[in-house]
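Everything on this sheet refers to the single structure shown next.
Chain IDs A, B, C, D, E and F follow the sequence of writing; residue 1 opens each chain.
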Amino acid sequence: MSARIIPVVKRKQIIELSDSGKRTDGRSLTDYRNIEIIIGDIDKAEGSATVILGGTRVTAGVKFEIGDPFPDTPNEGVMQVSAEFVPFASPEFEPGKPDETAVELARVVDRGLRESKMLDTSKLCIEPGKRVWICHVDLYILDHCGNLIDTAALAGLCALLSAKMPEAKVKGDTVELTGKKLPMPFSGIVPINVTLAKIGDKLFADPSFEEEEVLDCRLSVAFMQKGDDEKSLMLCAMQKGEAGYMTIEEVTRAVELAKLKSQELRSLVSSKVNING
Amino acid sequence: MSARIIPVVKRKQIIELSDSGKRTDGRSLTDYRNIEIIIGDIDKAEGSATVILGGTRVTAGVKFEIGDPFPDTPNEGVMQVSAEFVPFASPEFEPGKPDETAVELARVVDRGLRESKMLDTSKLCIEPGKRVWICHVDLYILDHCGNLIDTAALAGLCALLSAKMPEAKVKGDTVELTGKKLPMPFSGIVPINVTLAKIGDKLFADPSFEEEEVLDCRLSVAFMQKGDDEKSLMLCAMQKGEAGYMTIEEVTRAVELAKLKSQELRSLVSSKVNING
Amino acid sequence: MSARIIPVVKRKQIIELSDSGKRTDGRSLTDYRNIEIIIGDIDKAEGSATVILGGTRVTAGVKFEIGDPFPDTPNEGVMQVSAEFVPFASPEFEPGKPDETAVELARVVDRGLRESKMLDTSKLCIEPGKRVWICHVDLYILDHCGNLIDTAALAGLCALLSAKMPEAKVKGDTVELTGKKLPMPFSGIVPINVTLAKIGDKLFADPSFEEEEVLDCRLSVAFMQKGDDEKSLMLCAMQKGEAGYMTIEEVTRAVELAKLKSQELRSLVSSKVNING
Amino acid sequence: MATEKLISDDGIRNDGRKIDELREIKFDIGVLKNTDGSAYVEWGRTKILVGVMGPRESHPKHLALADKARIDAFYRMASFSVEEWKSPAPSRRETELSKVIREALSPAVFTEYFPRTSIDIFIEVLQADGSTRCAAISAASLALVDAGIPMRDLVASIAVGKVDGQLVLDVQDKEDKEGESDMPMAYMPSKNAVTLLQMDGQITQEEFARSIDMLKKGCLEVYRLQRDAIEAHFKVSESSNEEA
Amino acid sequence: MATEKLISDDGIRNDGRKIDELREIKFDIGVLKNTDGSAYVEWGRTKILVGVMGPRESHPKHLALADKARIDAFYRMASFSVEEWKSPAPSRRETELSKVIREALSPAVFTEYFPRTSIDIFIEVLQADGSTRCAAISAASLALVDAGIPMRDLVASIAVGKVDGQLVLDVQDKEDKEGESDMPMAYMPSKNAVTLLQMDGQITQEEFARSIDMLKKGCLEVYRLQRDAIEAHFKVSESSNEEA
Amino acid sequence: MATEKLISDDGIRNDGRKIDELREIKFDIGVLKNTDGSAYVEWGRTKILVGVMGPRESHPKHLALADKARIDAFYRMASFSVEEWKSPAPSRRETELSKVIREALSPAVFTEYFPRTSIDIFIEVLQADGSTRCAAISAASLALVDAGIPMRDLVASIAVGKVDGQLVLDVQDKEDKEGESDMPMAYMPSKNAVTLLQMDGQITQEEFARSIDMLKKGCLEVYRLQRDAIEAHFKVSESSNEEA
């Protein structure tokens, strides 16, 4: 039972520090940790990026595969986001165990990318109703030191933005790959996910692992914007997580804060990769 | 171990009562509990029925899907019966666990429906050798108070009899759904399953959960008949279940009793749904 | 813990005996146990063989199925080796559990057969890029008294050599089976697998179950040869197994010994089945 | 995307409702015989059964928590509940919804009263016509009450969507699929506690603020229906006790 | 459905047998080295190996029964045992047959002699040519005897089918697939105990009565072969003991 | 099979290397924050992360060994590590490689120092360009050192292939796929211990002998790089300790 006492003590410390606007690692409540973005590290993938946020490390790879369209969208390609927790990323991950956390992570990142309409999936169609490109965006969680969602969302976004797609030509009954790589059909829109943790009555941007262990709940908010056009700024996804709650006023504050932080992160992404593909 | 003593005491009570032709819930040995049949409650399904037998509740839904024929019957559609035990149906069901009981249940119901030839599966063919209708009959066990087999068989039968099938038209390489619903290719034959439990040396129709806990074994017998034509009455499926045994004389008595009860249940079905589709 | 003491005692005995060139069952270090080969025992399969090596028994069956070619070899059929451990083969096998031992066994046997090029898989193509024969070679481990690899390799080899393939004719859009059986496209090459166990500083051919329990490691070596042509003798697969090690000199000795034993086993196979199909 | 309009010029939705009007909602409490608590909800065409088992011994035991009850939720859709036949294997969507539903209900339960036990909430969607997670959470609250589990408050839930550019309350299936956004919220009124909040689609920050207002009002309406259902249920139970 | 006739005008079946004639049946006892008991049967072209492990410690332990042994049966078909290659993953048919075979054998075993233990019966169908469950049950009885497990009686099993309108004993594959019905039964003669009974297809009540008669006679014939096999086995064991 | 030549007439391979030349190999030790030990290797285009957890309590407990630590290895390839997208479900190849890698590393570890514990070696191939098992084993040795686990020696590993009829050291992907054979070996130099040896393809016995010589020399070269990496790592650690 001592294992459950430590978080209680830690939570008290973290809350007391936060009353004077401070955190255990010296950050202010709204600071992100240091962010390193490496583009194109997996050169066998059509697109790739590794993002290191504090100690949290996610490598995302984009691969194309020819497949069937969904019956209700016969003329559209498919973007598919999945997340794998590599067991060395945390002592708590067990190999081979399906994990609702991985499923939620993948689906939250997926919604941010998808709902922003940054990618025109109709351009991923090869033969209407028959064959389309499936664009896999796979997130490998390699080291977990807190705030997986934002790290994975950034890695997925950068991998996608760095990708080129293969050229396919229909020849009678078959499809031929020309070997050429084409630019991706991007719209110039960039969605950014920002996660705020609620601990006590404060909101913490970019929660660390230690903070996640004692939080009440988190709210992840994705804001999208087309290029520099601030008027195009909109929310495109939200997800409250974990078993505590926020008041309606806290939700509103969190959205406001997420908007500001999303602009910072979007600038960083723009400096690393061409957001128009 | 006390958990195993209670059934022993219960069994003794049940057997003693049965010597005077009585049961713990006041029924005679050959009585069914009250049966409620609701037709069409799932209006998004092509056919549906909920049957409540005593407290046992099963909802069956019929859905059509386009699929491949079996290689050995290229010109026939496929009827496929499956059973799902919803975990709240009984404290003993665990979520996500495949269960031989569910498999047996589905297969026994399947054999009753299939062997009666109530449905002409050759009429479920869309394009010979290429595309056929798969007619899913899915049984959801929602509350288990004994005699699942008869309840599920009735629910599956009624859902099937209430179904309409979608119209599909072959257009060159593809299949088009017209949106029209067609009558099902029924033969007018109605199979009815009757389960008898052996406890001591007596046969009990429609065993309750309590009776099932202490039974020696059960025998399920399906009788089919075309419309009112009693001469067409035939057996079309049987299944002995559980780890005890019956004598040959008991088997013969059980089949005789099942025949009588099947006529009662068939009348009930006919009063609820048009047996010719 | 006594369970772990017995092997220690046994190992000592086995090593002491081996110093005078002897083994607990009376064999010399290089002797195989008695080998019985039964060809064609499963007459519903396209090819079959049961090999009983000492008490170890493996039945292999060959079945053909029409399937898709691999994308990178569109004009070649597929040979697929798999292994099933039947639970009564050893008290240690549990039903339904996937087992790395079975996977390794199947893959080692597969490599011996495949790399020898005994079978011309391009002749298993039905329609280039569309439909090919999948040739299943399934190894059923029925009794495990040591040296599964050599027994399974022999059974797989003999089943394959005894097989006939079905004739398929392309008719427009479909494939028709004529019912005729054709000879298999063999090259006359016969690969033979020989497993040597290292216990202490000695090599043991054909280790028994008892010897396997105490070995340091094993080395399996496959030698192939075309007909009687000794000049065509070559290595075609190797696999070191278990958690001990061999010195480089022991590896060299093992390969030399494997060469000699492979010739003996090849003669035996030739006497049982026509190696040219 | 919508080709026909989903809202008429005089502000009537394709199922006849006004912009801020709920569908007909009918809760039934105590409908199952093998659970500790249960509830059934018909929410327009959406039909859901919820069964609660527990507090009971945790299984396997090492999952038990020393200082409180462990809550699990299992959201499943029947194979025939949607337009296309659905495989009974749980989809990734069902896995995620099970998680957020558990997290939406947990803050309401006095889990600390039942250390080392499990409370399992089983949700079976018999027919899905939009907002199933909201209907499930609202019904599960009643099933927990039926199981006699002490709660801080009921959790009420509803969704707001954007359809033809307008915000609408209580999104049904067609509006969800063809509309521009979907935003479900779960709420404990007496605590001003948002226990579930999700959104997908595109909305401005101003629309977000208006949505939150609509969601709060909608949740209060659902809350009233939940309390009516409890009252009706206990009145019936009482009178049947008196008869006995 | 049959296009060619399966029974000739003078009452001979397509494999040369008469209406009420069994195929050639050969039992072998004690054929495996790693089991507590085993048996092999060739029943026409049907070939089956059965191995019994136990009584042994139950695993996992919480499955153990306080007052008797737990019996499990696992019926599996080899991938090459049937016309079309079969995936080794157990099918729903194999799951059901495992259950009814377990229930057919359980009444014969004095399970109360071995509380808290498990008896596992593993059945591997190497070649299937009809009536595999009957052959498996009959051989498993012998494997249980070989394992030294005390039994109330042997369980003998056989099937009756309806082919070209006639009832025939011991249904093989072609008759099963093209015939009108299949009805397997398992029986303990000394107890007059029917431990397995299944039927599919269409028969009248009169045909049912006649089938039962034929099944009883057929089971007695199988029973005799089982006893012969046991006698032969123990004679061999004895004489080899004498030699030793 | 190769249509173009993989080795030029003057003995240069298609990536510019000589017959017996290794690719550029870069080891990094201690790169992960949540493991007991870790290493990263770039071996040409092959990129692999290895994390070691343990010695730690075995889970489930009944897998613990009374007299030594239990070692497990898990070799996995990222979905994007190869030309075609790979399903994340472990393939049979990954299962086999996990086994032989575990068996290649086990002889080097003093497992007897840590009875009843588990040492788990997790290998993630981020990019595969041939000889991944050799790179994984070589890096895993360093991760074990980083975890402070006492070892008899480092395990160094490399592969020899036959390409255009010639033996070449350190096989990359194109040579593996289009060449005539592949033979990876793992070796503890101070023990003269071959801990992994596999081969597929066709070679004469004379080529086998020459391969073994090349493998031994290649392993010694990898061994030197491993020792350099350890030295560099501990120098850095030391100096950062002094600074502190």
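Methods note: a contact is a pair of C-beta atoms (placed from the backbone, for glycine too) under 8 Å apart; a residue touches a chain by one contact, two chains touch by 3 or more.
Everything numeric in this text was worked out from a predicted model, so none of it was measured.
Trainee: Show me the overlap between the contact partners of subunit A and those of subunit E.
Mentor: Chains touching both subunit A and subunit E: none.
Trainee: State the smallest step count from subunit C to subunit F, taking one step as a move to a touching chain.
Mentor: The fewest touching-chain steps linking subunit C to subunit F number 1.
Trainee: Report back the single chain whose CA centre is most distant from the CA centre of subunit A.
Mentor: E
Trainee: Measuring centre to centre with C-alpha atoms, which chain is farthest from subunit C?
Mentor: For subunit C, the chain whose C-alpha mean is farthest off is D.
Trainee: Which listed pair, C-F, C-E or B-D, shares over half of the residue-numbered contact pairs seen at A-D?
Mentor: Selected pair, repeating A-D: C-F.
Trainee: Just curious, how far off is subunit E from subunit D if you go by their C-alpha centres, in Å?
Mentor: Taking the average C-alpha coordinate of subunit D and of subunit E, the gap between them is 52 Å.
Trainee: Just curious, how far off is subunit B from subunit A if you go by their C-alpha centres, in Å?
Mentor: 48
Trainee: Which whole number of Å gives the spacing of the CA centres of subunit C and subunit D?
Mentor: Averaging C-alpha atoms per chain gives centres 58 Å apart.
Trainee: Using mean C-alpha positions as chain centres, tell me how far subunit A is from subunit F in Å, no decimals.
Mentor: One centre to the other, that is 32 Å.
Trainee: Send over the residues of subunit E in touch with two or more other chains.
Mentor: 84
Trainee: For subunit B, which residues are shared contacts with two or more other chains?
Mentor: none
Trainee: Quick check of your reading of the touch definition: is the inter-chain graph here a line, ring, star, complete or other?
Mentor: Shape of the chain contacts: a ring, since each chain touches exactly two and the loop closes.
Trainee: Take subunit C as the starting point, go toward subunit F, and spell out the full loop of chains.
Mentor: The chains follow each other as C, F, A, D, B, E, starting at subunit C and passing subunit F next.
Trainee: State the interface residues of subunit B toward subunit E in the complex, per the touch definition above.
Mentor: Residues of subunit B touching subunit E: 1, 4, 71, 98, 100-101, 103-104, 106-107, 111, 114-117, 217, 219, 224, 233-252, 255, 259.
Trainee: With touch defined as at the start, can you tell me which subunit A residues reach subunit F in the complex?
Mentor: The contact residues of subunit A facing subunit F are 41-45, 48, 55, 59, 61-65, 82, 84, 86-91, 95-96, 136, 138, 140, 142-145.
Trainee: Along subunit E, where are the residues that touch subunit B in the complex?
Mentor: Residue list for subunit E touching subunit B: 66-67, 84, 92-93, 95-96, 98-100, 102-103, 106-107, 181, 183, 188, 191-205, 208-209, 212, 216.
Trainee: Report the residues of subunit D in contact with subunit B in the complex, numbered from low to high.
Mentor: Its residues touching subunit B are 32-35, 38, 45, 47, 49-53, 74, 76, 78-85, 88, 90, 120, 122, 124, 126-129.
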